[in-house]
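There are two complexes below, and they share subunit A, which is joined by subunit B in the first and by subunit C in the second.
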Partner chain A sequence: MATETLRKPYVRHRSAWWWTKNPRYVLFQFREMSSVFVVLYAFLVLWQLWALRGGPDAYYDFLAMWYSRPMMVLNAVVFAFAILHSITWFALTAKVPLFRIKGRPPPGALVVGANLAIWVALSLLVLKLLYGGF
Partner chain B sequence: MAGKGTTAKTIKLRISRYRPERSGEPFDQEFTIPFRDDMVVLDALNYIKDHVDPTLAYRWSCRMGICGSCGANVDGTPKLTCALYLKDLKKRPVRIEPLANFAVLKDLVVDIEPFMEKLESVKPYIVRRDKRPIERGEYRQTPEELDLYRQQSLCINCMLCYSACPVYGHDEKFLGPAASALALRYELDSRDQGSEERLAAIAGEHGIWQCTFVGECSVVCPKHVDPAGAIQQLKVRAANRLMKSMLLPLAER
Partner chain C sequence: MAAPNVDRVPPMFWGLFSAGGFVVAFLLPVFIFMNSLAYGLHLVPWGTVEYGGALAWIHGDPARPLLGASLGWLGGWLPKLFLVLIVGGGLFHGLHRFKYILYDVGLHKVKKVLDPIMYGLAAAGTVAALLLAFSFP
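For the complex of A and B:
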């Protein structure tokens, strides 16, 4: 179209702090950021394996460092983000109905609840394998 | 509105104005108008237009939440102004801005062209490979088949979801929530055969894989279409399709 236009569309600038305007955006940013901490933990475990390879002395040095206060704090932060990551991840499963019950998608609460229950059960099983009965 | 029975109650609104023929930048203007408990935000805009400032520009039509024209960001949240009571808003002044993530044309009127292009790109109509003459009647469907896509078919194209989507705010080429939901609506339609033609728009560079599942589109949707859920279902379909094409390259998809 060759019509002359008097339009002057104004494109607004989005602030770098857009995500602070809404608590759900904040949660989203934290969920995205949690992956960084999950990767960080993977590297910590690799580091642990590396120390194990160095023999008993190297491993005891590693453990001393591992149980130091800064590492405990770091682990607590990583754990918190890992929990956030897992819970928000399972919360998404309700959005993808892979099967139908009597022609209807299963209720979201059931899907999320079942996933969370299986996750908790498996986590407890792992803890039991690691630390024995409780 | 200002006639008999008007009480002394007033309400202050701060409205974003943009007048392309005069100023370069949008600016805020405050209005204090009579207010009753049964007024929605659109009533307030209409009052201003009728009694205070006839130059105020905004879109509206049906006043009953089905035309999808009257969306605006009210106190930072995308809303249909016809369906939002002023008495339910806590902050004063009430802040009214054009929908976020769209270019502003005048006051509360935004440029919807980018959305229309996205909508067209997913071919939101029944596509048939075997076109048959109209005399042979309609393509029939059972109520159960209709149920499969009923939720997505309720979309009124109000674009609140685009205003709420940070991914669209970041990448204007992103297909976005409503167009994706409508794509799924036709993908799930038993009468449709257009999957192949929609694939590029749905699963291409600016398609569903851009979605990081913020989920706010589904929160603000006035028709409970759940575009975030629709996009995840499209992702599953696209992934299944890819797997099938690798494992069964000759099978019909």
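For the complex of A and C:
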């Protein structure tokens, strides 16, 4: 190889638990880990649709699993990570200004506030349109 | 004229990550709440979650009276589009982010294998959601 050097390359050592050292890193890691639960839920929904297509018996089997104690706990955990994603996503959006007000990026609190308002409005809209009420 | 060597593929996946991030942030919590938790918390009756109720939901029955005669046709589309958005947005957002977790634990060495697997999985899941959701009348 042309890029061969005489010295052994320096490889910086980093523990797999580096993020436990600081609360900020813990929040970062939890934020990133929310993606695992989002992906998991997407596949669970595909499974649910598959079961629903399979007819009443297949769907009742699915529901027995869906509302079992361990699954209820898992669903609650997925829900908690979904909420964490929403809140951290809005905070992150504030760091990436998409427009300017009088030449300056909009204040973070305004962006987060607007996102929270849209979140509430869309959630209510989904409850109204897809679930027929509040 | 555009520069010839501009890489257009990674920005596209970052775009899907971002769009999916908004879909997940705005729509996933309310969906998990209604689809997974509401019945267990005794907030909705069994009739809305059992087979018949689930079929009525995906047919868009709850929306029809609200939409009226002129927009009633939308009722059947809304739940299906919603499901495709949730699954597709969730997968393109989540698998992109998960990819960087895997890079972080050392899999950056196998990028060339990992990237197609992650985005292939996201694309396959989105197509599956599309086919499954719209297979209902």
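Note that the second predicted complex is superposed on the first by the 119 of 134 C-alpha atoms of A that agree within 3 Å, B and C clash if a C-alpha of one lies under 4 Å from a C-alpha of the other, contacts with A are read in each partner's own complex, and residues count from 1 in each chain.
Note that a contact is a pair of C-beta atoms (placed from the backbone, for glycine too) under 8 Å apart; a residue touches a chain by one contact, two chains touch by 3 or more.
If you're wondering where the values come from, they're calculated on a predicted model, not measured in any experiment.
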* Asked: Looking at subunit A, does subunit C or subunit B touch more of its residues?
  -> C
* Just subunit B (first), just subunit C (second), both, or neither: which does A:Glu32 touch? -> both
* Mind working out whether A:Ala82 is in touch with subunit B, subunit C, both or neither, as first, second, both or neither? => second
* First (subunit B), second (subunit C), both or neither: which does A:Arg7 touch? -> first
* Asked: A:Arg53 contacts which: subunit B (first), subunit C (second), both, neither?
  -> second
* To do: Using the touch definition from the top, say if A:Gly103 reaches subunit B (first), subunit C (second), both or neither.
  => first
* Return the residues of subunit A at which the contacts from subunit B and from subunit C coincide. => 32
* If you look only at subunit A, which of its residues touch subunit C in the complex? -> 16, 32-33, 35-36, 38-39, 41-43, 45-46, 48-50, 52-53, 55-56, 59-60, 63, 66-67, 72, 75-76, 78-79, 82-83, 85-86, 89-90, 115, 118-119, 122-123, 126-133
* Asked: Hey, which residues of subunit C end up touching subunit A in the complex?
  -> 21-22, 24-37, 39-40, 49-51, 54-55, 57-58, 60, 62-63, 65-66, 78-79, 82-83, 86-87, 90-91, 93-98, 100-101, 105, 125, 128-129, 132-133, 135-136
* To do: Note which residues of subunit A are touching subunit B in the complex, please.
  => 6-12, 14, 18-19, 21-22, 24-25, 28, 32, 92, 94-98, 103-104
* Asked: Quick one: in the complex, what on subunit B touches subunit A?
  -> 18, 20-21, 25-26, 76-77, 100-101, 103-105, 111, 144, 147, 166, 169-170, 212-216, 219, 226, 228-229, 232-233, 235-236
